[in-house]
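Chain IDs A, B and C follow the sequence of writing; residue 1 opens each chain.
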Amino acid sequence: MTMPLMFDLLGVFFFGVSGSLLAARRGFDIVGSLLLAGLTGIGGGIVRDVILGEVPTAFANPYYFVPPTLAALLVYFVAPGVQRLKRPLLVFDAAGLALFCTSGTVKALELGMNPFAAALLGVTTAVGGGLLRDVVANQTPAIFDPRDMYAVPAMMGAGLIAALWVAGFSGWVWELAVAAIVFTLRVLSLKLRWHVPKAVGPWHREAELN
Amino acid sequence: MTMPLMFDLLGVFFFGVSGSLLAARRGFDIVGSLLLAGLTGIGGGIVRDVILGEVPTAFANPYYFVPPTLAALLVYFVAPGVQRLKRPLLVFDAAGLALFCTSGTVKALELGMNPFAAALLGVTTAVGGGLLRDVVANQTPAIFDPRDMYAVPAMMGAGLIAALWVAGFSGWVWELAVAAIVFTLRVLSLKLRWHVPKAVGPWHREAELN
Amino acid sequence: MTMPLMFDLLGVFFFGVSGSLLAARRGFDIVGSLLLAGLTGIGGGIVRDVILGEVPTAFANPYYFVPPTLAALLVYFVAPGVQRLKRPLLVFDAAGLALFCTSGTVKALELGMNPFAAALLGVTTAVGGGLLRDVVANQTPAIFDPRDMYAVPAMMGAGLIAALWVAGFSGWVWELAVAAIVFTLRVLSLKLRWHVPKAVGPWHREAELN
C-alpha cells in the first residue's frame, strides 16, 4: 500500500464513523450504519469521479470497503465510547476534509478540468459525502448550519490548489502545505467558534422573508 | 459569447435565485445559498450529462459559475426585495423551464438517444434542478404539489420536440416555437390556477389509503 | 422480447407500484406518481450504470417506460384495491429484489469490476430504487428500519454470485438458483418477522447516545 492510499483510507474511516454514529442516534439498523458509513466516506469521491467520467476509485480498489466496515463495527460495539470522543473525532474529520479537498482538486486538474471546475470538484470530494449522509438520512445538511464553518476551509484550500496549478506550482509539497492550512483553519474555526454569514444580510429581519 | 449560451446562463440565474431564496427562508448560511443556487441552476443539466456520459456543460465552461454567485449575492443584499418580486420571478422561471426542456431534449437527440429517452432527459434538465434543490434542503419536492402545474408543460414541450425530430423537423425555429408554447402554457397555468390530477382518482377517499 | 427482458420489466413494474402507492399516500399529483414509479423501478439500475460508465439500460430501450406508466395508471384507478393487495405485492417485490441483485452483480462482473465492487453494485441495483424513492419523497428510507430485513437477502445473493464467479461458476442456472435463494430468504424474513441488529449493540442504552 502506498502512502497516499493509506491517508485516503484513513480519511474514509473518519468520515465513515460520522455516518455510523448518525445511524446509531437515529435508531437505524446495522445495514443503515454500513450504508451511511460508506456513503459519507466515499460518496464525495464517487460524485467527483462520475462527473469526471471515471470509474470511481472506491469501486476500482476493494481496500475502500474496509474502512466503512470497521466504522460500522466500531460504533456497533462501543458507540457511547465513540460519542465521548467527539472532540478528537472532529480533529480527525478536519484531517479528512483537508486531504480530500486537495486530492480531489488535483485529480480533476490532472484530468484536464478548468481551474474553477477542478476547485468545485475538490470541494465536492471533501463535503459531498457528508451532504449525501444527511440527505439520505432525511435531515437538514449540517454544512448549511450558519453556526459552524465547515465548507469554507475546503473552498479556500481547493481554490488555492487551483491557483497554484495555474501559476505553475504543483506536486506533493504544495498539496501537503495547502492541506495543512485547511486543517489549521478548520480546527481554529472550531476552537474560536467562527461562523459563516447567513444567506441574507444581517440588516434583514426574518419576518420579511415569509 | 453566443446567443444560446447567453440564454442558458440567464436560465441558470433565474433558477439559481429560487435556490438562494429557499436558503434564506430556511436560515441556511451563505454556503448553503451558493450551493442551492448552483444545484437548482445547473443540477438538471448535470444529471442529463452524467446519464449521457458527457462531461457536464457547466464543468466544461467556467461562465456557469457566475449566475449562481450573482443569485446568492443578490439574495444576500436584497432578499426581501427579491421576495416581493415573486410574480416576475415566476415568469422568468417559466422562461428557464421552456428553454431547458427544449435544449435538453435536443442535446439528447443529437447524441443519439431514442425519442422517449430524449424527452425524459429534456424534462430532467428542466425540473431536475428544482427537484435536487428540494431534496437537498430536506423538503417535499414542489413539483409533486397537485395545486401547481410545473412539470406538465415541460413534458409536453419535450415530447413535442422529440415528435418533431422523428417527423424530420429540427432547427432553432422549431425549438423557439416549442419553447414559446411551453412558456405560454406555464404562465397560463399560473394565471388560471390550473392544477394536476392527484396520484389517485377523485373517486377514492383519503381514508382508504392508510 | 427476450425472456430476461420480460422478467426485468416485471421487476420494474412491481417496484414501480410501491412508488406510486407512496405518492398516493402522500397526496402527491400524478406527475409525482409517475416520477416515483420510474425512480423506484429503474433508479437502482441507473445508478449502477452511471457508476459503470454505461448508458443506463432504461434509456437505451424505450420498453422501460411502459411499466412505470402502468403502475401510475393502476394506482390512479384502483389505489385502495392495490393497497389491499399488500401481501401479494410484497411477494412480487421480493421477486424483483432477487432478480435485480443477481442481474446487477452479473452485469458488473461482465464489465470487469472486482467481485467486491460487483456485489455492491448488485445490491445497489436491488435496493437503490427504493432508497431513491424514499429520499426524493422526503422520508426516512425504509431499508434502515431494524424491524424489517430487506437489504440482507440481496447482500447475501450478490455476494454469492460474486463468490461463484470467482470460483468459476457462472451462467443462467446459477443466477436462477441464487435468485431463488434470495427470494426464499426475503419471503421467510417477512413470514417469520426476522429483523436486523441495530446500528448499536443491544448492551447500550439509547440515552447514552445523545
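Keep this in mind: contacts are C-beta pairs under 8 Å (C-beta built on N, C-alpha and C of every residue); 3 or more make two chains touch, one makes a residue touch a chain.
Chain by chain, the UniProt names read as follows: A, B, C = Membrane protein YeiH.
As the structure is a prediction and not an experimental result, all values here were calculated from the model.
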Any chain in contact with chain A (Membrane protein YeiH) as well as chain C (Membrane protein YeiH): B
Interface residue identity across copies chain A (Membrane protein YeiH), chain B (Membrane protein YeiH) - same or different by half: different
Approximate Å spacing (C-alpha centroids) for the pair chain A (Membrane protein YeiH), chain B (Membrane protein YeiH): 29
Where chain C (Membrane protein YeiH) touches two or more other chains, by residue: 50, 53, 135, 138
Complex contacts: residues of chain B (Membrane protein YeiH) adjacent to chain C (Membrane protein YeiH): 50-53, 113-117, 120-121, 131, 134-135, 138-141, 143-146, 150-152, 155, 195-201, 204, 206, 208-210
Complex contacts: residues of chain B (Membrane protein YeiH) adjacent to chain A (Membrane protein YeiH): 20, 23-33, 35, 46, 50, 53-56, 58-62, 65, 72, 75-77, 79-80, 83, 135-138
